[in-house]
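I've put the structures underneath this note.
Next come two complexes built around subunit A: one with subunit B, the other with subunit C.
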Partner chain A sequence: MNSLVSILLLLLPTVVLGMVPRAAPIFAAALGEDVDQSAGTLNLGVEGMMLLGTIIGFVIDFETGDFVLAFIVAGLASALLALFHGIATISLKADQVTSGTAIWFIGWGLSGFIYSSLFGKASSPPVVKTIPTLYIPHLTDIPYIGKFLFGQDPVVYALLITFLAVQYFLFHTKAGLNLRTVGEDPLVAEIMGVNPDLYRYLALIFGGFMAGVGGAYITLSLVGSFYFDMTAGMGFIAVALVYFGKWNPVRVLIGSLVFGAVYVLYLALETYFPATPYQFFSMFPYIATMILIILVGARAHAPAALALPYIKEG
Partner chain B sequence: MNIGKPIQIIFFIILALLISSFLLLIDHVSPIAGIAELISSGFLTRYGLMATLNDTIPLLIVAVAIIIPFVAKFWNIGGQGQYIFGSIFATWIGLELAGSLPVALLITVAIIFAFIGGALWAIPPTLMKIYFGTNEIITTLMMNFIAVYFLDYMTIGPMEGALAKINHVPSSAPIPTPDLLPHIGGVSTGIFLALAIAIIIFLLLRYTNFGYELKLIGSSVDAAKYSGASLRRDLLLSMVLSGGIAGIAGMIQVFGITTVLLPQVFSDITTSFGYVGIPVALVASLNPLITIISAFFFSGILNGAYAMEISFGIPIDLVITIYGLMMFFAVIGVMINLGKIFRRHRAK
Partner chain C sequence: MKGIVKQFPGVLAVDHVDFELYPKEIHALLGENGAGKTTLMNVLYGVYRADEGQILINGKEVKIRNAVDAQSNGIGMVHQHFSLIPVFTVKENLSIGLRTGGFRLNLNQIKSKIEEAERNYGIEIDLDKKVQQLSVGEQQRVEILKLLFRGASTLILDEPTSSLTPQEVANLFKSLRALQSEGKTIIIITHKLYEVLDIADRVTVLRKGKVVFKSMKEGLTSQVLTEAMIGRGVELSNYNREKVSSGNSLVVEGLSVRGDRNDEVVTGASLEVRAGEILGIAGVSGNGQKELVESIFGLRKSKGGRIKINGHDITNLGVKGRIKVGLGYIPEERKTRGAAVSLPLTLNSVMHDHWGQPYLTRGAFNYKAIRKFAGEIISGFKVAAKDENVPARDLSGGNLQKFIVGREMIRNSSFLMSVNPTSGLDVGATEYVRNELVAYRNKGGGVLLVSEDLDELLALSDRIVVMYRGKTSKPVEQKDFDRLKIGAMMLGEGFSH
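Coming up: the complex of A and B.
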């Protein structure tokens, strides 16, 4: 036990430094899902949207070398999937769980299909250069906190700005209040002169875009290449984090960072305990997800109209 | 419900195939040639039909298993993990008892163990839902990933077969008894078990109080409570049955097809029947009898897609997108309600 504690202490710097990039893709997707759900739409297709983002981001970066463009196109591709989810669930009032599952399958299949179609015959797996991290002289060199604060890649900072914007939007603007009202009671929103369907569509498209960005982050920043089913449930973990975060982006951010830490920790522990079968460490993130949502459990107050289609009366 | 009609299933399939056929252009393959190959190899050749029927078996069993809690709107996405655990338990008991039991008894014991394995894997998320109100979609899915790693561990650890050590492909030892599940005309006799399960679950859902209560819970939890249904008991029972039956599908795969426990079979996108069972069940609008038809078509598309991969180099992953599209059309089909539109048209 003592040795475990000392190893954990030893790993602390690695975990703190590594958790941010590991948290980033989950956080991107979870932030989008948070906005979706606040407007009352459950999007279970995040996993598929992230997977589509992984491949689209990869292809665009591979072809053009422009990672900004790659992120944008990946986001737009996933937003298109989200639009289909919207047509089914918002306009046609279809079941959100079923439609979300369908979207998951569509994105899942497309990611592997596109990859194999374009690169299947390549003799060695294609790679792209991962996004460079920031280096600000002096600042990044500050011991302990320099790299953590000033040595991340630009997408992390972009995500941070998006997070602040979403937080401000949701809780400090009229439109944010409208959006949350749509999630609580679309009828009340309509009486207030707000168009619930419009808000839900926009929220969903934003959520899809963020899921695509999260997916692209995995290929373009974390890995530099593509492999099949590479999100491995991250999209669903993102949904779980929204529950954990009780629909508040700040808590979603904290949850995502905890997850980032869990990921880094299990990778590091694998190398420290080679005698223990690695599979048990690989189970960590999934077990952690289950524990996290038990902790929140039924006490979470969900938007009252979550997953309910809004059907105008009369 | 309207979309349940087999004709509509076929309509969704055609629509999904039409749309996905355009994706073949990415591979510079003519959509018409590709789809023709898919249909003929999946449904019309003798060999293709045999393979299609063999894959229908696990797909049908898993889909029927998933239907039970789905009827109560309890979304068991964990069919894959339950399927895997059934296969682990069945293989383990098969290896322990092979040779010391007559084959018929061995198979019976294996079915029971597969049921127990799958049911055990379904219970934790259900209890979490009952006692903590956690979202079952997430918990059942997480259990799938844990099951995959556990299977991986078992087949390179405690259950590793002699051949696996040489090949470096994780797998268990083969179950040594011959003719575990004999084939008739190339089709595993597991098909009778699969059909029996579908019919039994159909009867269970339609004619028993339990089935009635599940439907009631699915339409309104409050109404179910008011009518005196025990939500906890019903959910737990539905999930034990669901996990157990999904587990039996795992046993059928090992005893009827692979004879060894092969993690690859459970991680490949195309043979992840625990996942594919979800669209199969939903396209059949949760009716176990119609699921027989939809499982057959899904399986045919899968085998047709294999042929398409061999003939034209179309990546097999396309089939998952086709499944997704079929599910998507099925779900919006309910809302558009084709049947109603047609009837109204006729009435005029």
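Coming up: the complex of A and C.
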């Protein structure tokens, strides 16, 4: 027991430093899902959209070497997938859970298909250079907090700005209020002159874009290469974190960081206990997520119209 | 409105209706449930589009395709189910869909504007409270304020008094008169005669989608209006009660129950329902009546106290056990709790008895027996249904209620609990259900009747117990029934605080 505690203490700096990049992909997806669900659309296809993002981001970066372009194209590709989900669920009133599940498998299939068609014959797996982290002389060198605050990669900072923008949008703009109204009661929104379908489409497209960015982050920043099914359920964790976050981006951010921390811990523990099959530790982040969700309990108020298609009478 | 027609699948809801509204009047649109009043007004408000007909304002035809069109023509409507978001504050609710003043949501700027509107119309509301914390009357004021804030000059109110206390109704009528003197035009959709006589200047009566009567209020009597509304003179029946007694009873002793928020909403409630009587429970809604009934039926765990039927302690039995002992339940929520609406009437008829003979033989449903039982309910309780195989959702509210009442009565229950059994029913179905409850009592059954309609309780009950903040009063005997006295008890008189 004592040795475990000392290992954990030893790992603390690693965990704190490492949790941000591990949290980033899931936070990107969860932030998008938060906006999505606030408008009343449940997007269970996040996993598929992330998977599409992993391969599209990888391919664009591999071909052009431009990681900014890679992130944007990955986001757009997943946004397109989200648009299909929107057509099915918003315009054609299909069940959101079923459609979302289908989207998951479409993204899963597409990512594998694209990889195999382009690189299937390569003798060794292709790699890209992972995106560089920031280095600001003096600031980054500050002991303890320097690397944490000023040594992340640029995408992390971009995500932070997006997070602040989303927070401001949802709770301090008229459009944000309208969007949340659509999530609570689309009929009320419509009576008040707000177009529910338009808001749901835009929210869904934003959610898809963010899922794609999250997926691309895994290949371009964390790994540098592509392998099948590399999101490993993170899309679903993103959905869960939105529930944990009670539809508030601040809490979603906290949840993502906890997930990131436990993830780093699992990677580290794996090396400390080589005798234990690594699959044992790989369950940790997911178990942690489950505990988080249980802690929130059933008391959270979900958007009242979440996952309900808006069907007008008359 | 001229020659308005609105057809729904299978129903001609509004049939060539002409409706005129004059500036600065209070106009009552009267009719039974299902007469087409709300549909007609929804056409005016743009919620539905008419199949035929036109809408003219000051002689000019206008197209109203949605609520926004209606609002830009100065028309606003308060539906029975409010168009408010319960988890938003009043300010936020009033700000939804605003187009003026830039991108940012400046609630303080809006606040000063709303307060101005509040002053002009004499409506007071705490703008920072969440709508769900407000009483129904206050929520209604938010709705009215919202429409005024958006520049409505014509207000349509759908059954505005249906869930208000008498005091709140008086307040509402006062505000409406104030609005009228400010130059607003008001339409009240209602089925209550006294409201028409009390506040309207003019009345239009609808029956089965057609206009059957139009008049100024002067000289109108409730008799004339009733006949116009129902198409025949009705006598509200005097319920014929016989003396029955068998010594059996449903007894509740010191029952305590926690509510949805885990607070104790029933605190030491005691009552006795004797066989052959109707025990009424009066109370403003939300004083623990719902939880009391759910706990007696076993849907909600009790925290303390005992429940006995004919001396048998049923406190620790599950719902199934209580049903077997002879308890029946007619919940208020017909479509969500009283029946599984997508299932056919056959299966709905055996909801409480499907686990044994004769409806279940060797693990499979015996449809012959089930159909027979469903048929008995349909014919015995005059349920208008094509046959016993139609899904419950195809029945109108009144017919579904008759079906549920019939089910609970025909199966061998000895005590029946009924919550607001006639809410939302038309006059005919209401009378039918009330008569059946009395008939059940006369046959020796005991009824626990919870109702928000005090007149219903006074007409049907043998004794009345008042509930206030989870506590029960001593029963009031029929000879001591007094509207005002029971009303005062409902507001807490005689209860220790």
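One rule holds for everything that comes next: the second predicted complex is superposed on the first by the 314 of 314 C-alpha atoms of A that agree within 3 Å, B and C clash if a C-alpha of one lies under 4 Å from a C-alpha of the other, contacts with A are read in each partner's own complex, and residues count from 1 in each chain.
The criterion applied here is as follows: contacts are C-beta pairs under 8 Å (C-beta built on N, C-alpha and C of every residue); 3 or more make two chains touch, one makes a residue touch a chain.
Because the structure is a prediction, the values reported are computed rather than measured.
Of the two partner chains placed around the shared chain by superposition, subunit B is the only one that A:232 touches, whereas subunit C remains out of contact.
When the shared chain is aligned, subunit C comes close enough to touch A:191, but subunit B does not. In the superposed model, A:154 lies in contact with neither subunit B nor subunit C. When the two structures are aligned on the shared chain, A:178 is found in touch with subunit C, with no touch to subunit B.
Of the two partners subunit B and subunit C, it is B that touches the larger number of subunit A residues.
For subunit A in complex with subunit B, the touching residues are 44, 48, 84, 87-88, 92-95, 97-99, 101-118, 120-121, 228-229, 232-233, 236-237, 239-240, 243, 277, 279-280, 282-283, 286-287, 289-290, 293-294, 297-298.
On subunit C, the positions that touch subunit A within their shared complex are 6, 8, 42, 47-49, 66-68, 71, 83-88, 92, 95-99, 101, 103-105. Every residue of subunit B that touches subunit A in the complex is listed here, in rising order: 23, 26-27, 75, 77, 128, 132-135, 137-139, 141-146, 149-150, 152-153, 156-157, 269, 278-279, 282, 313-325, 327-328, 330-332, 334-336.
Contact residues on subunit A toward subunit C in their complex (touch as defined above): 171-178, 180-181, 184-185, 187-194, 301, 304, 313-314.
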